Structure formats: C-alpha cells, structure tokens
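Have a look at this one.
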Amino acid sequence: MTRTDTGYTLGAIVERFGGELIGNVDVVVNQVAPLSSALSGHISFLTNPKYRRQLQNCRAGAVILDVAERDATDLPRILSDNPYAYFAKVSALFNPRHAESPGIHSTAIVDQTATIPASATIGAYAVVGEGVKIGEHAVIGSGCYLGAGVEVGDDSLFYPQVVVYQGCVIGKRAILHSGVVIGADGFGIALENGCWIKVPQIGRVVIGDDVEIGANTTVDRGALDDTIIEDGVKLDNQIQVAHNVHIGAHTAMAGCVGVAGSAKIGMHCTVGGGAVILGHIEIVDRVNISAGTLVTKSIAKAGTYTSVMPFSAHQDWLKNAAHLRHLDKMAEKLSELEKKISELERKQP
Amino acid sequence: MTRTDTGYTLGAIVERFGGELIGNVDVVVNQVAPLSSALSGHISFLTNPKYRRQLQNCRAGAVILDVAERDATDLPRILSDNPYAYFAKVSALFNPRHAESPGIHSTAIVDQTATIPASATIGAYAVVGEGVKIGEHAVIGSGCYLGAGVEVGDDSLFYPQVVVYQGCVIGKRAILHSGVVIGADGFGIALENGCWIKVPQIGRVVIGDDVEIGANTTVDRGALDDTIIEDGVKLDNQIQVAHNVHIGAHTAMAGCVGVAGSAKIGMHCTVGGGAVILGHIEIVDRVNISAGTLVTKSIAKAGTYTSVMPFSAHQDWLKNAAHLRHLDKMAEKLSELEKKISELERKQP
Amino acid sequence: MTRTDTGYTLGAIVERFGGELIGNVDVVVNQVAPLSSALSGHISFLTNPKYRRQLQNCRAGAVILDVAERDATDLPRILSDNPYAYFAKVSALFNPRHAESPGIHSTAIVDQTATIPASATIGAYAVVGEGVKIGEHAVIGSGCYLGAGVEVGDDSLFYPQVVVYQGCVIGKRAILHSGVVIGADGFGIALENGCWIKVPQIGRVVIGDDVEIGANTTVDRGALDDTIIEDGVKLDNQIQVAHNVHIGAHTAMAGCVGVAGSAKIGMHCTVGGGAVILGHIEIVDRVNISAGTLVTKSIAKAGTYTSVMPFSAHQDWLKNAAHLRHLDKMAEKLSELEKKISELERKQP
C-alpha cells in the first residue's frame, strides 16, 4: 500500500502524477502547506523565485520544485516542468471535495416535472422549477433557485444561494459560488421621447463544461441570441458579463471585471482585475488584458494590452495632472518651437 | 381578426404601433429574431448601419427599419422614425411577462400586519415584515426579504432573493433582479482616536415608478435624509449607489458603476460601465459620462465627459508610462527651450 | 431625570459625552436631523464649513459644532473637538439597534452540534451547519447560511442572506449586510497545457472584532493560510477581497474596491471608491489611496497616493487622448529640439 492511513508516500505521488523524485520514496505526507509554515507531514512548493530564501529554513517533509531548482535544497523533492500545476493536483488529492449525502432535502421545493437523479443533492430551502434537469452527482446548495427549464450538468456544484433564471444551461463539473446570478435580463433599453422602453431579453445563458464562477458574479441572458461561456472558463468574484457576450474556452478573468454587451472574447485569454471591456468589440485568442485596463476597441493580435495611469504620491500627481488636461497645448507649443528653430537654423550663416 | 392563432399580421402591428408598412399586410409574424437567424415567422430590425449587409441575406418575414432605409431591402418592412423603440414594443407584444398565479405561497412568512392584495404573488420562502404594503399584481419572488414598513407599488416584479431593508419605498412597475439589496446602511463612519464610530443611517431609500434595477446592484439608505431614485431610472447589474445619492428621472447607468455619497445626478443622464462618480458633487440634466470615467467635480453643463487612458499594446504603454509620471518635467523643459529660443531670436542680427 | 419621556436634555447629553454646552441645559431633543430640515426637537451638526450658511436659518433645538465655531450661531450648542464623532454618538443614543427577540425561528435549520446561546437570534430559513458557534446576543438574519465550523462573536449582527462558508471566524460586534459572502474559494488556478486546474483553497477567513462589511461584498478564503481582516476594519458595499489578503486594523475601504490576492494593507489606511490594489504588494500603515486609483506597486511610506486621469469634456479629451498614446514621441522631439538649440547656441558668436 502506498496510500498510508494518514497520507501518501512520495513514491505514490510520483507514481500518480509523474515528476522526478529525489529523496526517500517512503516519506509520508498528508497535507500541503506554504514553505514558511510546513512541517514534516506536509508537502510544499516553490514557483516564485522571490520565495527561494524560505526554502532554506523549510521544515516540510517534501517540496515540489521546478526542474531548474534541482539543487536548491536537500529536502526530499519532486521536480516538475510545471510545479504549480503539480502542486494543484497534489493538493486536490489531499483535499477532495466534501462528499454530500445525495438526496432532496425535505424543505426543498422541487417541481414534479423536474428530473433529479438519485445521485444528486438538493439542499434545504432550494427551489427547483418546472422541467429542470439536474445531472448525476450534482449538488445544489441550500437556498438556490433554479427557474423553469434550467439544465445543470453532471458533477456540478452550486454553493448556497445561487440563482439561475429560466431556460439557462450549465455544463458538467461547474462550480458556482454563492450569490452568483445567471440569466437575469440584459440591459436592453430603447429611448423614446426621453423615456426608456424595456427590450425583452429572450435569449439564454449557455455555459460549457468545467466552468467556475466566483461569488456574486452576474451573467446576463441574451437579448435575442444566447450569452455564451465556453468550456474551461474561470471567472472570479464580482464580475459582470452582459447580454450576448461570448467568452472563448479556457479564458480566465480576475475579480471585478466588467464585460459589456455583445463583446466577443477569444480563447485562452486572461483579463486582469477591474478591467472593463466595452460592447460590440472582438478580442482574438491569447490576449492578456492588464488589470484596470479599459478596452475600447477590438484587438486583432495576440499579446498584452494595457491602459493604466501610473499611480504616484498625490503631490506628484497634482503636478502632473494639470498637464494631463493640456497635452494638446504642449504639443502645439512643441510644434511652434520646432518652426522657430528651423527658422533660426535657416538664418544661420 | 388581425391576431392569428400563431402571431400577428403586419397590418395588426402597424395598427397598434404606427409606422409605415411596405408589403403585404397579411404576413404573419410570431416572434422577433436577429437579421442573421430570422426565419419566415420572425420580424427583425436594423438600427446599426454596420449590420446593413446582413439585411441582404435576411430571411425574416418582415423587418423594422429607419425611414431612411426605405429601399434597403425588398422584404416586407415597417418604417419608423425610431426603429429600436418600435422593435422593443413588438418584442414586448410577442414576449409578455410570464403570468404568475396570484397568492401567497404556503412557505412564505408574512407578518399579519402586512397588506397583500389578492392579486399579488408572494413566492416560496419569502419573508415579509411588519406593516409591509404590497401593490396590486405585484410579484415578490421566492426567498425575497422585505423588512418592516416596506412599500412596493402595483405591478412591480421582484425576482428571487431580493432584499429590501425596513422602511424603504419602491414605486409601481419596478423590476428588481436577484441579489439586489435596497436600503443597507450607508458607509457613515466618524474617526475618533484612530478608530471608526458608526453613524446610524436613519434615512430610507425611495424609488419612483418604472425603475429597473439589475442583479446584485446595491442602493444604500440615507444617513439622515433619504436616498432618492426618481421615475424611469434604469440601473444595470453590480452598481453601487451610496447614501443620500439622488438620481434624476430617466437616467440610465450601465454595469459596475459606483456613485459615492450625496452625489446628485440630473435627469436624462447616461453613465457608462465602470464609471465612478465621487461624493457631494452635482451633475446637471442630460450629461453623458463615458465608460470607465472618474467624475471628480460637479458638471454644470450638458454634454459628454470622459477621462479615459487610451489602451495600447503593453510595450507601447511601457514607453509612454514613463513619461506619464513626469509630464511636469516635460513642461518645464519646454519652457526652458522657449526661453532659450527667445534669447537666440533676440540676439539675431 | 435628565432622560425625559421623549428625549434627552442637552445637560444629559453633555454629561454623557462631554463637550461644552452653551445654552439652556434643559432643552430636550429626541432625534438628529440635518441643518436644513431640523426642527425644535432635533439636534443637528456642522462639520463641513461649506454648510455654514445653513446654520443661519437653522431651526434645530440645538447643534453640535467645532470649538472654532463657538460664535457661529445663537442656537443652543455643544462644542466639541470632533463634532462628527460627537454627532455619531448622539445619533446612536437616539437610534439604538432594533432589539430582536432572542430565539431560534421554527423554520431555521440548525445542526444539533451547533452552539447557540439563549440570547442569540436565528432568523427564518437560516441554515446553521455542524459545529457552528454563535456568540451571546448575536443575530443571524433570515435566510443566512453558516457552513460547518463557523464561529460568530458576541453581539454580531448578520442581515438577511449572508453566506459564510465552512470554517470561517468572525469576531465580536460584527455587522454583515445582506448579500455578503465570506469564505468562497479564492481564485487559485494553475495553467497546464492551456487548461486551468483548480488549486484547492484550504485556508479560512478570519475577521476581528468591530468589523462592518457592506452589502454584496465578498471576502475569499485563503489558498493555504488564512485571509485576515483585523479589528475595526470597515468595508463598504461591492468590495472584493481576494485570498490571503491581510487588512490591518481600523482600515476603511469605500465601495467597489478590489484587492487582489496576498496584498497586505496596513493599519489606519483608507481606500477610495473603485480603487484596485494588485496582488502580492505591501502597503504600510496610514496610507490613503484616492478613489479610482490602481495601486501596482508596494507603498513603503505613509501618505496619499493617486493615479487618476482627469476627466474633461469629451471633445477636449479627444484632443488630449491622441497625445496620450504618443508621449514618447513628444519626449523624443523635445530632446531633438534641445540638441538643436545647444548647437545654435554653440555656433553663436
């Protein structure tokens, strides 16, 4: 047995996940921990060279290192081309998802036309509408609300108090955190005589497999067509995804991002915290948007894009800010000086 | 009969909403759809000239066009001065709000002093406090919480899990989406010896008629006086409206906007996504704030206002950013050069 | 008796809170109100000189003023070094927290291993998990969800629909507003072959005493270690605090702030609305971040920091914006001119 009562041997870990083990295969670890606080039963990791110094005094039972760090410590170590991904897998091994007891809580209100497999869990005070289809082993947390016709894929996990409006579709292995709202009306309003008329939002939200959505994030339903989130997308907390947005597979967005209506974002993109992407623009695959950046135009080429005003001490900023409003004046002055200098040069003997 | 079993004739639509019909009055349509996917039973629309090309291959039963586009297609068409508003009305005709069966769900907890007309709907697990007054045909979704003394106007619709704190007033035909919190305490804190003392927030939130508020948007109660949202205001998702803000009638705000305490915003304004409006400032009627703009001072004149750092490829940004911190140096240098040139000019023969 | 049936005498107020009273000690006031609308039973205050004019026509029974404003009115007045804090205390005296009747609502689902003192209140439809410990006189609002092992300190108040994930700890006298989510998973993802692997988030959120958290704010649990919010921190609405952030005691943040992972913020800091603080940076004590500022680097010195693009009329902005993208060109041109002028100066007789 390589899985001991209290953990896994390093040998078992390498057998399962690959990598090169340097040190005793029989060392047993049972939890992950940071370099600074790890003890003998822990396995730790180093991915950021900034923390290499912590490796010197580390008391972990073992560490996961980049292959380039082979000699950075004498501790038992596993070398990997991708130590952070390796660590993620080891941590998942030690920290499996809490197993729920399947079944429908006696206080859940489930429409008789809903399909709930015996392997699924429906929490207390959840409300499940007409025609809802829940996948195998899915967990719907307490107080969640699923509107009519919602579909939830196998092995998905909704934390308490998620709301999904009618007709939206969520794939397999989704994780939706508390306060997420999927499928609320998009912001469709038409102006007539100074007043706004509501445009009915008759599209859905369709979410692929392996998508995680952070706490209090909102994804609006489409106006006519659907809002689409493809497989493997990861959204952090407090993000707003407007109607008819299309987010390509394996794109990740940090907290507080806003994506306006009908924006189309490619695959394998990253969007930094607080960035805003305007509506009706298109961003190709493999684009990285820096935190705090406002994307006002389509981006046709992979790469990193930024629009950040550098911060500074307020007094320094004040001095600068005055000029920020008058760059056109500076540019004009510069042109005048250029002319004068040409004039002077021309007049020279 | 102009209303057929499966839809409306174009004649019936024009009779109801006006506009000029070109084509067969007996064509029947039963749903709206985008130009690109509309079929014969659909009516579509064109408002953005960018999509005019899609009109060429459009298979819709009819389209709604601007009067200027009279000859842009041979399809049956309705010409309107305001095709988007026209479309909104047609869509509302085909997509009426889902009719709820009135009544109080057996699991709702309704205080005996609350007033709930027979035409209203109170959803499962809703909690309705002392003295609450609900209007005719109002719908309070499942899991909503209405504190003591809350008033909700006729025909209002609260989606599941809206929270309204005690004493707040919401007008007629309101639509509040899931996760909305109305009337939480404003951020009133006073500093004493380095610690913060809470300032009780004893005002209310008072919301007019025909207001829609998007998912997870928050509107705080006033510190002493009320926070006011006038008739016809439309707020998108994830917006924060602080205590004692006053938003004028028919103003619309896109997602992720933040409005700080005691800001007064006029009527018929628009605020773009992610914009921030600082506290204690006043904005007159008919002001448009661009997305991502930080409004730091009062605005006394109608018009469009912007404070956006243009985004660029990160490498280009890096080159620029260095100078952004040192504009005052550039300005100084420019002045020095000006002096030297005057000197040179003066010395010329 | 200095406390009358309907209020407090000024004498009683000064006896309790200090300050210098000028005027009749027997004047009775029973509520706070703004200068502009206060009547004879009200006590008002002036802290912003901008409103001094309102003092002239003020009809309040008394006012609270800075000692420097001793002669600004003939009204009965209390002079204080800190009139706003004084006002906060007087307002709290007149507006005590609504007293809940202790007890567990019959619809609350409380695990039998949870510890709920008789003085605590658990609202309707609340769900309280295994091993939860609730403090004396704590109030858990209706529809709240407390995961396994959560601890809540004495006298804390959770408004309806707060979610706290398993294992998180909240101190005494906390106020958590509706829609707050504490302890959702941090955004820990590792990239492997273009796909994201979830990194289990096994830390907790640990919150000190006297912390208030605004509506729909989210605080994520730590990846390995805990996310820490120290005593006396005040967070406004719609804030995102990422995993492993550490917020020092008595720091206050306005609405819509985002704090990225592992940022360490000192004590007695303030962060303006909509500011974003990037991850893995450190900010010392007594730093003030202006609204809308993006903090991209550690701050080692107390003071105020800003990165704001000043807003302007859109037409003016357009003129400027062109140059914003080409500051490096302007700087180059400036250098060239400098050289040419030196050349000209050198050539002069």
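As written, the chain order gives the labels A, B and C, with residue 1 at the start of each chain.
Keep in mind that, in the parts below, a contact is a pair of C-beta atoms (placed from the backbone, for glycine too) under 8 Å apart; a residue touches a chain by one contact, two chains touch by 3 or more.
Here the structure is a predicted model, which means the values were calculated and not measured.
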Inset, instruction - Pick same or different for copies chain A and chain C, depending on whether their interface residues overlap by over half. - result: different
Legend entry - Cα superposition angle of chain A on its copy chain B, in degrees to the nearest 5: 120
Inset, instruction - Averaged over CA atoms, how far is the centre of chain A from the centre of chain C? Could you give it in whole Å? - result: 26
Inset, instruction - Can you tell me which residues of chain B touch two or more of the remaining chains? - result: 125, 143, 161, 179, 216, 238, 256, 308-310, 312, 324, 327, 330, 334, 337, 341, 344
Inset, instruction - Sort out for me which residues of chain C touch chain B in the complex. - result: 31-34, 37, 82, 84-85, 87-89, 91-92, 94-95, 98, 107, 123-125, 141-143, 159-161, 175, 177-179, 210, 212, 214-216, 232, 234, 236-238, 250, 252, 254-256, 268, 273-274, 291-292, 308-314, 317-318, 321, 324-328, 330-331, 334, 337-338, 341, 344-345, 348
Inset, instruction - Give every residue of chain A touching chain B within the complex, in rising order. - result: 109, 125, 127, 143, 145, 161, 163, 165-166, 179, 181, 184-185, 187-192, 194-200, 202, 216, 218, 220, 224-225, 238, 240, 242, 256, 258, 260, 274, 276, 278, 290, 293-297, 303-310, 312, 316, 319-320, 322-324, 327, 330, 333-334, 337, 340-341, 344, 347
